[in-house]
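Chain lettering (A, B, C and D) follows the sequence in which the chains are written, and residue indices restart at 1 in each chain.
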């Protein structure tokens, strides 16, 4: 849907997931550290959260596909008339949503069955992001320069997210990759809104889509979006940390000890991983 | 061979290997977990399978080279006449098959001799895929846009497969990389068929090779092929899992225990690998 | 600021940090090895150094933003007039400095609070370098060839630094990556000066910005800068080594033993990490 | 030196090193495994070999620089005349040799002093290859298509070698990366000769540098060179293996046991590295 709503819909999905991740990841991290004192109930709880997250992804993907197909000017599930393809734009967007649906299925499978490789959910998300970037890349032919530019900038967040999520397949629960994934999802979400505002302004004059200064500003604006995304992630991490600290205060100090950086063990484990480079 | 059969031949090879891998990998995974109860016979069995696989690869590569050289309009092993190169297209295809033959030799060596690095087979396959992509990349000069586009899309599967197989050199038996390799091989196989149908339609009118809408559809169609490939891999994994469960049911529950996710040990091993990032 | 000073300012910052790192890294490496004999005082000391470094980064970023905004021909914090963007060049440079400021904040957080992932400082620096490269990449539209070329060469150091620092997230305290980061920072610093000298020569005639020979020389000159940067890093490492040896001489030989390559344990730890490839 | 000799000189250097590595690496691998029976003499021996190798690299780099500077039509160490740069081609080649010299210095340092990170030699070689590729990349402006094409193909071997050697910084003594490095060095060496034969044929007519068929053949020919390089590496590995087996036969069977694949320990060590993906 080449209008403001067609950009606001995926933008909201990404914003929602990005913000949710920036709450879930620190929560899981801090609770995992306190686990020695709290038994095995928590992994079960987080497992259920992952199931719900997968289910929501499938639902959102379904909503997205339906919206693209059955808006008034959509293809209504017709792919081909006697002489031409029908509304390929909407079909491409449906395909993007489809792969997020597949990612949701991988989440659910990975969280429900013990015979499924754990990291399949990361692969699913990485593929969904890659396919999104792949389709956008071949999507921009023949549009005005500013339109091409705002979508190209989006590709940085999309492919960056795909690469960082693919790394998570091998480095599961790496805190820095979690920060990266959350912030890139928020960036993508807010940038979808920005694209909507630039190409289909709700009020005021239309942007001149060929002026070079506009493109320079948009490039810089993209960086500001990312700075804001980083700020949001930082605020969420701090809030979760503060909440967890208060809860931990009531339940004794076992957990707080888990939170403390164990300097001495840190360097010895480091050594175990990198000994060949560390000892030479 | 620039006709339908010339695309169906490699397509069948890749489909065959992709489907076979999506059976072999889960089989090996589940049997490996049940090994404590079953002794050392199985590795021997899987070793023999790898030998046969390598032999088949060499045979298929030989068939491919012969077909490219000795079809009626082939070069018949002549490279150069007095004033020009003979049928370089067919020679290039022969070269691609040659490297799959080398990969087969690496498979056989790696599975037969204990003095050969185990991961040589992955390097061989990765190089074969890379050379295929390399030759295709310099192969497309001066063809119509749609022809170039369908072959460029193929490159995504080829180089993706080369990269993922190269990662397997270092992360051998990583389940997610195995899923990726199987699905990309199926994608490549089915896409070879699709190229054949598009460029040399068996019936009906020829596709308009310059129309932009056709290219947009083909890009999307490529994603659908991959979704199907993922589905096929998923179905095969489930079937293998169901079969193995039934067999295990007859042989006692030792194996089933091996299948269960060992949550507690999982987090501790995770810690061993990533302690510096996990403990901070 | 499109003049000599506008290039000398960031150049000085990068030179300073590059040279400082080439002192700090070997110092920390040698002291860490001697730690068994010296207790826990040193990590505290190095922690404080990291805090100061983060603070300096924030201060430098602030200086850079102020300089870009409030030079006589700067935008003075105005982004938009009634009909056009104001001095977008300066705004882009301010944005670059902003991300170095964020990197400084990440340094301070990572060094001060035990609840923050240790590698966040590496991610912050990597992002700051990436954003710098990202903005420079879209920054060069419509300038003369030599101008574009000298800035493109800069991108090699910037993106190389971003990639190498991102690797440090996972391979913290890897000595070779530390050498790479120090030398690339020195290269970037000295190249900013070189750009200043080429585009705004202090004396003598202006360079012909379209002559191909000039571009060939500049490419080669870039390599000479890097050779010099490597030499500087080498000299600093040697000086630190010599100083530490002298200090260690007064404090007994405990530390010297720590410095010696432990050949036997080296190969066994190597085995632990790479056993699958080493044992086959 | 734009003639046959100017390509044969570096070609011989690379061929020599590639062939030497394909002897050294298996030798070291097999002797290392037999070490439990042979004590500590061997590492000392291999250390000395690395020293000699580094010294030879410095010597070859010196020869290369002298040849480029003081051939009759060389720059004779003059960089600038009153109005133009002198023989920048030769200066660029000298710069390439210079970085191989630096790599030699890194080899010597890394092999001689225990305070130097072991992997510095890999970084040095990786940088030398990168700088070679970097200079070649900006080197090809305005030449005929075939000339550009043969040099572009060279870049695949150069950057491939740089990337694989950079991986060796972290995965030192990985057997597959050693095979890759040896074969890519031989490929580069033989391709330098091929470039010489194509651009400056010793006898017969000159190649038509604009004909598309020539470029297609050259691309394929490059793959054949690599197949030959792989064959050569394979032959050398086999020869070394056969020699070592004969020697080991005289010295008892301790070593042979070390050569045998230890299947059971292999899977357990594998588990240690990848437990999170292997256990799920």
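By our rule, a contact is a pair of C-beta atoms (placed from the backbone, for glycine too) under 8 Å apart; a residue touches a chain by one contact, two chains touch by 3 or more.
Keep in mind that what you see is a predicted model, and the values were worked out from it rather than measured.
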Chains touching both subunit B and subunit C, listed by label: A, D
Cα superposition of subunit A on its sequence copy subunit C - rotation in ° rounded to nearest 5: 90
Same-residue or different-residue interface between subunit C and subunit D, half as cut-off: different
Approximate Å spacing (C-alpha centroids) for the pair subunit B, subunit D: 29
Length of the line joining the C-alpha centres of subunit A and subunit D, rounded to whole Å: 41
Of all residues in subunit A, the ones touching two or more other chains: 114, 117-119, 169-172, 174-176, 261, 266, 270, 272-273, 276-277, 280
Sites on subunit D touched by subunit C in the complex: 32, 40, 43, 84-85, 88, 91-92, 95, 98-99, 102, 114-115, 117-120, 122-123, 127, 131, 134-135, 138-139, 141-142, 169-176, 261-262, 265-266, 269-270, 272-273
Sites on subunit B touched by subunit A in the complex: 30, 156, 171, 174-176, 179-180, 212-217, 219-220, 223-224, 226-227, 230, 241, 259-261, 263-264, 266-267, 270-280
